[in-house]
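Look at the two complexes coming up: chain A is in both, with chain B in one and chain C in the other.
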Partner chain A sequence: MNVPVRHFDAVIVGAGGAGMRAALQLSEAGLKTAVISKVFPTRSHTVAAQGGVSASLGNSEKDHWHWHMYDTVKGSDWLGDQDAIEYMCREAPKVVVELEHFGMPFDRNDDGTIYQRPFGGHMSNFGEKPVRRACAAADRTGHAMLHALYQRNVRANTQFFVEWMALDLIRDADGNVQGVVAMEMETSEIVVFQAKATLFATGGAGRIYASSTNAFINTGDGLGMAARAGIPLEDMEFWQFHPTGVAGAGVLITEGVRGEGGILRNSDGERFMERYAPNAKDLASRDVVSRAMVTEINEGRGCGPNKDHVLLDITHLDPEVIMSKLPGIREISIKFAGVDPIKAPIPVVPTCHYQMGGIPTNYKGEVVLSTTDNHSDIVKGFYAAGECACASVHGANRLGTNSLLDLLVFGKSSGNSMIDFIKTQPENLPELNMAAIERSVARVARLDGQKNGTNVHEARSAMQRTMQAHCGVFRFKDMLAQGVAKILEVEEMIKTIEIADKSKVFNTARLEALELENLIEVAKATMISANARTESRGAHVRDDAEDTPANPNGRDDQNWLKHTLWHRDGNKLDYKPVNMTPLTVEAIALKTRSY
Partner chain B sequence: MTNETIQFRVYRYNPDQDAKPYMQDISVEIDSTDRKLLDALVKLKVKDETISFRRSCREGVCGSDAMNINGKNGLACLTDVRDLKQPIELRPIPGLPVIRDLIVDMTQFFTQYHSIKPYVVNNSPAPERERLQSPEDRKELDGLYECILCACCSTSCPSFWWNPDKFVGPAGLLAAYRFIADTRDEATSERLDNLEDPYRLFRCHSIMNCVDVCPKGLNPTRAIGKIKDLMVKRAV
Partner chain C sequence: MSELIDPIEKKRVRWRSRRGLLELDLVLTRFLAERYDQLTPDEFAAYVRILDLPDTEFLELVNGKVETDDVTLAPIVAMLRSV
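Here is the complex of A and B:
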């Protein structure tokens, strides 16, 4: 076998916010860094984030990182690790100011400071009242941020490998990571990227569901590669359903719309969130709002001919505010819902949006295998950041705008950890584990040689339908159990997927097949972890977890205040404790969650 | 659910197999949930998986799915499929080398984007907090920073077709003005020097195809005009 090998100090898989923030640290430190991406960097899905990035800058009113930390812990339904959450919230003002210095075109207040808007679950003084914490560039914050990070990387001469797909992670006999096997899309050439340190920043995998705000490229490639290489996946049962996807189209409408004063209404025109969250109302946490919407629809108060959605109303806002603060939303609404939100409300429905779980890491971005803590049993040379990682700052439910913050904070901390690690490594790279490379090459060869196999589209549809029906906003004991059996059947189908197109030139059919092999790992992890967790917490709510005085809202801290670890090998589940020891402050004590 | 058949004529070329490009007549059935051209194309790819095109966000922000649709550049994900005259003729965006089918080699386009130094240059010591910018100064960036680098504009520009190696093109020049207009950027003079050349800026003859096709409603011609004004101002 003759696979070319290229050598680097660091290889980063993924050129979204996290990958590019890490790349910047490494490039500016003068290290030889390769960034591999399936798409040109500014096409990564960070580009679609709309509402803002959180930081307690206090530009409009008093704010404090400790309040941000409290909101994040509460939002996570206490499943988030408090050391990582403290770290993120304390770093937030620094990384946002840095981003401004990189050229990010934030909106401005009259005094010239960065404009901040209210967002779901952002409160002052430990949950008292809404606070303006989301730093925004109109409703295109992700686009502005991704372009600013790309531009800064152009300045730093970062080396990008654009339209390359990473296929597999390479680990040596001791489990240490040596780099990745990757394929150039234009030529189908397979090349090994060997490096002293490897970072996965591959984003989410929302495409396991039939209806998702996620881009086509969000296929959990990093999770699939990690799982195949024997790394467990953490807390995969927790998926965020964003309250406001455009009904029918799935395209995202930012929570910033409600931050600017938007109201959700049912078929009676009622502002129903007042009943579910009397204090925060439309700005309650996303899991709370999504469940309220589904309850309204299930109880017959949905809108439209099929009573299958609710309405997001901003017709009472000043058209000037809509044009200046929400121009992208108006464009999306007109193009995808056929509605000008200045004149009529937008039809919306909860839509799969964000994966809280991922590759287990600590706040330094190091990948951790331990089942007891976040700092022992570290996989040498392997790092993960952003949506593909589980630090875990989002726990059972992510707060809006904490995703962009996560990319900046943990992209940067991973980059710094990698720099420190690379310094300790000998100049000459060790011998590669050829067996791992051969397995990856064989996987592609199997696909090219498959006859009488399963059609990729059919297998993917079966997976997406199963996830949507069996593991959605509300979960049911029986449906989950059936879901596990069904998803394992789909896995069998996927073992024999076949492509008709065997061309070497930009073969998108082959790429979709390889992506499906990653998606199925994520789907299995999700369904099996969800089936096992017999409580309700954050985004994971089941019918058999009852609301009792001992377990308010069905949350069972006695048995389930712990992280799930799913192993691909035998679909085995392990658990590890939640970190309740922040770095410098006292723990945010367990409390019943209400908004 | 009402199904409908859509007729296509698609530019096909796979250098692995085809001596030269050809147009393929093909149709696909769509249902009422398929509103956009990209929805129909995704269905078309289920029918014939060899049809190759780029796509990602499907909401007009990533800039992947630019193509020439019935003779005009646009994004498949933002184009209503039912508004298009059939058969819908799809070709790659013009003027760049074709890799396969609707996928072009964008190297030349990005080389021009990179040539204008697309990043804020500010060598003053960074303050502890954000650099201040008034809302009015920030407003100067509206209509500039929203570019998604889809290349619809540059590949509809005759000046770019003729001199893609020498003329920066509308996307690159829009970006150049985005940094000139930013009060935080200190390199206006160097940026103008960089464009002071018979080709880089001045090959724009205000044909305005760029404005006509921009899927984000941006106006590169206006930005180019403002750069030309600054050139004149500093000459006198």
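Here is the complex of A and C:
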């Protein structure tokens, strides 16, 4: 076998916020750094982030990193690692000001400082009252961040490999990472990127669900590659959902619609929220609304041919109010739901938004296999940052604006860890593990040679429907158990996926098939981890986890204050303790999470 | 007419129609299914130019928040708005 090999000090898979922040660190240190991306860097999914990035700058009112830390631990429902959370919150002001110096056009106060606004869950004085902590660049924070980081990387001579898809991670016989196998889309040529240090910053995997706010590119490639290479995935049962996305499309319908008088109805036309929340009704909190919607669907009162969504009705509102108070909603509804909300209700469903779990790392971005702590059993030469990694700062539930912060802080810290590691490595790269490379090449060959196999689109849709129905925003014991069996059946289908187009040049069908092989790893990890965790915590909410004085909201600290580690091999689950030892301050003690 | 468009270029542009924003993915998927194969070379060239826009500006053009004053882009913008 003759696969060309390219050599670098560092190879980074992913050119979103996390990948580019890390690359900058490495390139500015003079190291030869390659960044591989499926799409042009500024079209990475980070572009979708509008809300902002959090940092306790205290520009508009008093703030402190320790308060930010408290909010993040509480938001995580105590599943976040407190060493990593302290690190992130302390670093936040530094990395945000650095980004400003890189040319990020933040909104400003009259005195020239960065303007900050309040955002859900961010409070002052240990949970007392909302604080202004979110820094934004109009409604284009993610876009502006990518732009600033890209310009800076070009200046620092980072080498971008755009329209390349990484296929597999290469580990040697001792498990150390040697680089990745990747495919150039233009030619389908397979090339090895060998490096002293490898970072995954491949973003989220929201496309495992039928309804997702994520762009099509979020297929969890880094997680699939890691799992195939024997790296476990951490806390994959935790996914954040939004109650009202357009069914079948995923585009969000803002909560303001219910605020203006929108009513949720089931297939009988009933205003079902009256039964679940007699006082707040349609304005109950996100989790209550999501839970009611799912219960209606599960009990057979869903709408549409598949009875898989409910309706958001604003037909009783004055069209003038719809146009003036809810700008854009009519257009979104017509364009993505095919209905004019002035005349007919909008089909909606709880929609997947953000993945809290991922490749297990510590706050230095090092990938950790240990089941006891975050600093032993480190995979040499392997790092992960951003949404594909689990540091774990978001625990069971992420606070808004903490994700862009995560990209900056852990992108930078992993870059620094890589620099330190690369310095310890001999100049000549070691011999490559050819068996690992051959397995990757064989995977592509299997796909090209498959006859009488499964259609990619059908298999993907079977996976997405299974995840949505069995492992959505609100979970039931029996549904989860059936879900495990079903997702393993889908996996069997995916083993024989076939593509009709076998051409070499920009073969989108082949790329989508390879992406599906990554998605299914994430789907299995999610379903199996969720089935095993018999408590409710943060975004993982189970019907059978009872709210008792010992286990408020169904959270069972005695048995479940621990991280899940799913192994692809045998679908085995391990657990590791949550870090409750911050770096310099006292632990934030366990409490019931209520706002 | 469409045979005048380089088939390899067409495949490349199909991949470039994958974007960072879900709304664009949804619109472009329909566009690729319903209109892409019938584009004239001029329309195709205009589409390629639109794809060079940052996603945020591209979306505003597609959902009618902004208008283009470039007459050569107008037909393709109209098509994207109608799918």
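General remarks:
To be clear about the criterion, the second predicted complex is superposed on the first by the 488 of 595 C-alpha atoms of A that agree within 3 Å, B and C clash if a C-alpha of one lies under 4 Å from a C-alpha of the other, contacts with A are read in each partner's own complex, and residues count from 1 in each chain.
Please note the rule applied: contacts are C-beta pairs under 8 Å (C-beta built on N, C-alpha and C of every residue); 3 or more make two chains touch, one makes a residue touch a chain.
From a predicted model like this one, the values you see are computed outputs, not experimental measurements.
In the superposition on chain A, A:39 contacts both chain B and chain C.
In the superposition on chain A, A:152 makes contact with chain B only, while chain C stays out of contact range.
Comparing chain B with chain C, the partner in contact with more residues of chain A is B. Contact with neither chain B nor chain C is seen for A:420 once the two complexes are overlaid on the shared chain. Looking at the shared chain after the overlay, A:308 reaches neither chain B nor chain C. In the overlay built on the shared chain, the residue A:249 is in contact with chain B and with chain C.
Of the two partner chains placed by superposition, chain B and chain C are both touched by A:505.
By the touch criterion stated above, A:478 is placed in contact with neither chain B nor chain C.
Annotation: chain A residues 39, 42-45, 47-48, 140, 143, 147, 186, 215-217, 249, 251, 328, 331, 335-336, 503, 505-508 touch chain B in one complex and chain C in the other. Residues of chain A touching chain B in their complex: 39-40, 42-45, 47-48, 57, 97, 100-103, 105-114, 137, 140, 143-144, 147, 151-152, 154-155, 186, 215-217, 248-249, 251-252, 328, 331-332, 335-336, 456-457, 499-501, 503-509. Against chain C, in their complex, chain A makes its touches with residues 38-39, 42-48, 140, 143, 147, 163, 185-186, 212-217, 249-251, 328, 331, 335-336, 503, 505-508, 511. Listing the residues of chain B that touch chain A in their complex gives 14-17, 33, 35, 45-46, 49-50, 52-64, 78, 99-100, 103, 106, 110, 114, 117-120, 122, 126, 128-135, 137-138, 141, 145-146, 148-149, 179, 182, 184-185. Of all the residues in chain C, the ones that touch chain A in their complex are 8, 11-12, 14-16, 18-27, 29, 54-56, 63-64.
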